[in-house]
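In the two assemblies presented below, chain A is common to both, partnered first by chain B and then by chain C.
Let's turn to the complex of A and B:
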């Protein structure tokens, strides 16, 4: 073994790496918020009385969940211009990540809402509440509490998935690492550091989710 | 010279399925073996084995698969091995699958009622017989649905091997997309190929889950 490790050559680029981390975090955060919204709407569409809307929701969920994210992001970024819609890497990355997490979130939220006893919905209806009010004031919070661990796990996964958008040169940590790789040729070192940074961010992310959980769902179990 | 998207291009993409399926099977088989060892280590008496396997799992679940593949691809030459994309992708995905399957099966092993282990003890069975004949068959049944679910994730994960130059379904689509300038058709077709494999497996996994849920 003759390889000489040289982390110094790579660590010189720490401002770029820090910037890459910030981009990855903000990209993920934006996609989490958009994904939650899409997931909630898709869940509602899936429960609609109108059949085409239900089919649309199921089709979207299954299509996203059964194809690789790499294909989704390449399809969006390179495919939209073919339809005459110009798009730059960052928005394409955000849209792809949001649509991806939206489908997974929809499934998780649906599971949570279906776990709420029927009597709760019926009681809400008996009180004269609109179905959306039933959802908002009665069902959503206990449902969210049950699915919170699954949902936050999904969003930590989204942070890791975001590395794939480097394939369309959207700027984030992996893309930054690749740029440093091509200027320093210290591939192994740079990817060790980038991997460690991802691990750190994933840890940070799940701790943040736990902090939110403690605040939002601190009331006793029954 | 821009080529048309004709039957040849169609076949070029679809033929990438072969490498995707082979790589998935390879990683699933290798990961299954590794995952079994990880699951046993995770549930063993030894604190060292437990924490080592926990660290292994945390690393692979807490870092992007793409980074894991990069580390293998650029790391093996550093250790003095000459790698081709098959070896790099195979090793990377095997380790990845090992960690995830290990965690799934750990859950399965721990879900088998304690009484089963105790009964096996009372019958004088040793560790090997206890695991092989009593605990593991039940644990594997319990974790069948998430195992198939993970297989879907693994098949989708093989698409990242394209990034380190492994020619499979995704890479074929990228090549055809850049020679024909028809990304919608190329990526759409590749996406459909993935869907054709993953969708039935997802349904199978969901059916397994329901069947199991109905029994308890």
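Let's turn to the complex of A and C:
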């Protein structure tokens, strides 16, 4: 092998790399919050008395979970403008990531809610609380406690999935890495550095989720 | 005396299983009723129909003048007046004892937090567990948890209390503290319907004992008469079995 490694040539671009990391993190954080909200609403819709709403929830979940994320992004960014709905890369990326994580979150949250003993729902109802109040005040927190590891795993995955939005040139770490690659031709160096940065961010994300878990779900359990 | 609960011609099915057969029951204000019978006889189902945890297929249930018609309005009205204590306590694990007691008064009755806490402390004192107000359910014994559950129901200031086998999930040494709490409640004039196999409790506080089997009320009598001289052969067989173990 005659290839000479030159990490210096790539590390010169550290401000761009840092910027890429910041973009990836903020993109993921926004999508986590939106995905969590969408997931909760979809779970509620899935429990609705109104059949069309339940069908809508199931349809959305199945559509998102059984199609490639890359297709979803491409459709949103290139497909929608043909219907006259113009959209720029970043919002398209956030919407795609949110809709994607929302569908997975909805299923995870539904599992958690269904795992709560029936007696908890009955005790709430017997006390005169309405179904939505029972969910909000009685069921949600213990359910979240149970599914929290699965949910945070899903959101770490979202961080990694976000690299796919480079396909519509939404600016984030992968897109930045590709730009540096085309200027420096140092593919090995730049992609190994970008990979390491993803690894670092994913580990940070997990730790942040664990910190939230310790604070939010500290009540004693048998 | 005025009747608080009136069940008339109640029929309840689970699919093809006939769970309640033509149940007629009137409970007057201040009355204490013990419901007993073999397992699967419909005792729990009967009291769970009163606060609409179960729906009925035929007949009518009127609680404190409100006829349950399946509408949210009547269900709410009834549940505000009917407290329930479950076999498995069903305390909310993520809330302290005090929060368990104030949730429904604040959210369902719309009482402000300070007033709800004052009421909660009063009832926790009454079930002798005020010193545990800041603890979580998992930190309490079974008997303590059930007493909190009683206080939680009382905080809604209900007119009737339903007890669904409140001591069946308890270790033997904790049964007494829960029964004592229920006896005090009975002495204070609460209207109560208790599904229980605690015949000592029935003797001590019940105005009427109702015996059920196969979804039907087979016998209704004052406790003395019921224990001394049960009329129905199923009641005799049932008493023979439980008293043999006591």
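In this section, the second predicted complex is superposed on the first by the 221 of 222 C-alpha atoms of A that agree within 3 Å, B and C clash if a C-alpha of one lies under 4 Å from a C-alpha of the other, contacts with A are read in each partner's own complex, and residues count from 1 in each chain.
One rule holds in what follows: a residue touches a chain if its C-beta (ideal position, glycine included) is under 8 Å from a C-beta of that chain, and two chains touch if they have at least 3 such contacts.
Treat the numbers as computed from the prediction; the structure is a model and nothing was measured.
Asks: So, does A:62 touch the first partner chain B, the second partner chain C, both, or neither?
Replies: first
Asks: In the overlay, answer first, second, both or neither for which of chain B and chain C A:188 touches.
Replies: So A:188 only meets chain B here.
Asks: Is A:119 touching the first partner chain B, the second partner chain C, both, or neither of them?
Replies: second
Asks: Which chain, chain B or chain C, is in touch with more residues of chain A?
Replies: Of chain B and chain C, more residues of chain A lie in contact with B.
Asks: For A:75 in the superposed arrangement: first (chain B), second (chain C), both or neither?
Replies: First partner only.
Asks: For A:90, using the defined touch cut-off, is the partner it touches chain B, chain C, both, or neither? Pick first, second, both or neither.
Replies: So A:90 meets neither chain B nor chain C here.
Asks: On chain A, which stretch or stretches are contacted by chain B in one complex as well as by chain C in the other?
Replies: none
Asks: Considering only the defined contacts, which chain A positions touch chain B in the complex?
Replies: 1-3, 62-63, 65-72, 74-75, 78-79, 82-83, 156, 160-164, 166-167, 174, 187-188, 191-192, 194-195, 198-199, 202-203
Asks: Given the complex with chain A, which residues does chain B contribute to the contact?
Replies: For chain B paired with chain A, touching residues are 59, 62-68, 70-71, 74-75, 78-80, 152, 156-157, 159-160, 162-163, 170, 173-174, 177, 181-184, 187-188, 190-191, 194-195, 198-199, 202.
Asks: Going by the contact rule at the top, pick out the chain A residues touching chain C in the complex.
Replies: 117, 119-120, 122-130, 133, 137-138, 141-142, 145, 217, 219-222
Asks: Per the contact definition, I'd like the list of chain C residues that touch chain A in the complex.
Replies: 51, 53, 72, 76, 79-80, 82-84, 86, 88, 90-95, 103-104, 107-109, 136, 138-139, 152-153, 156
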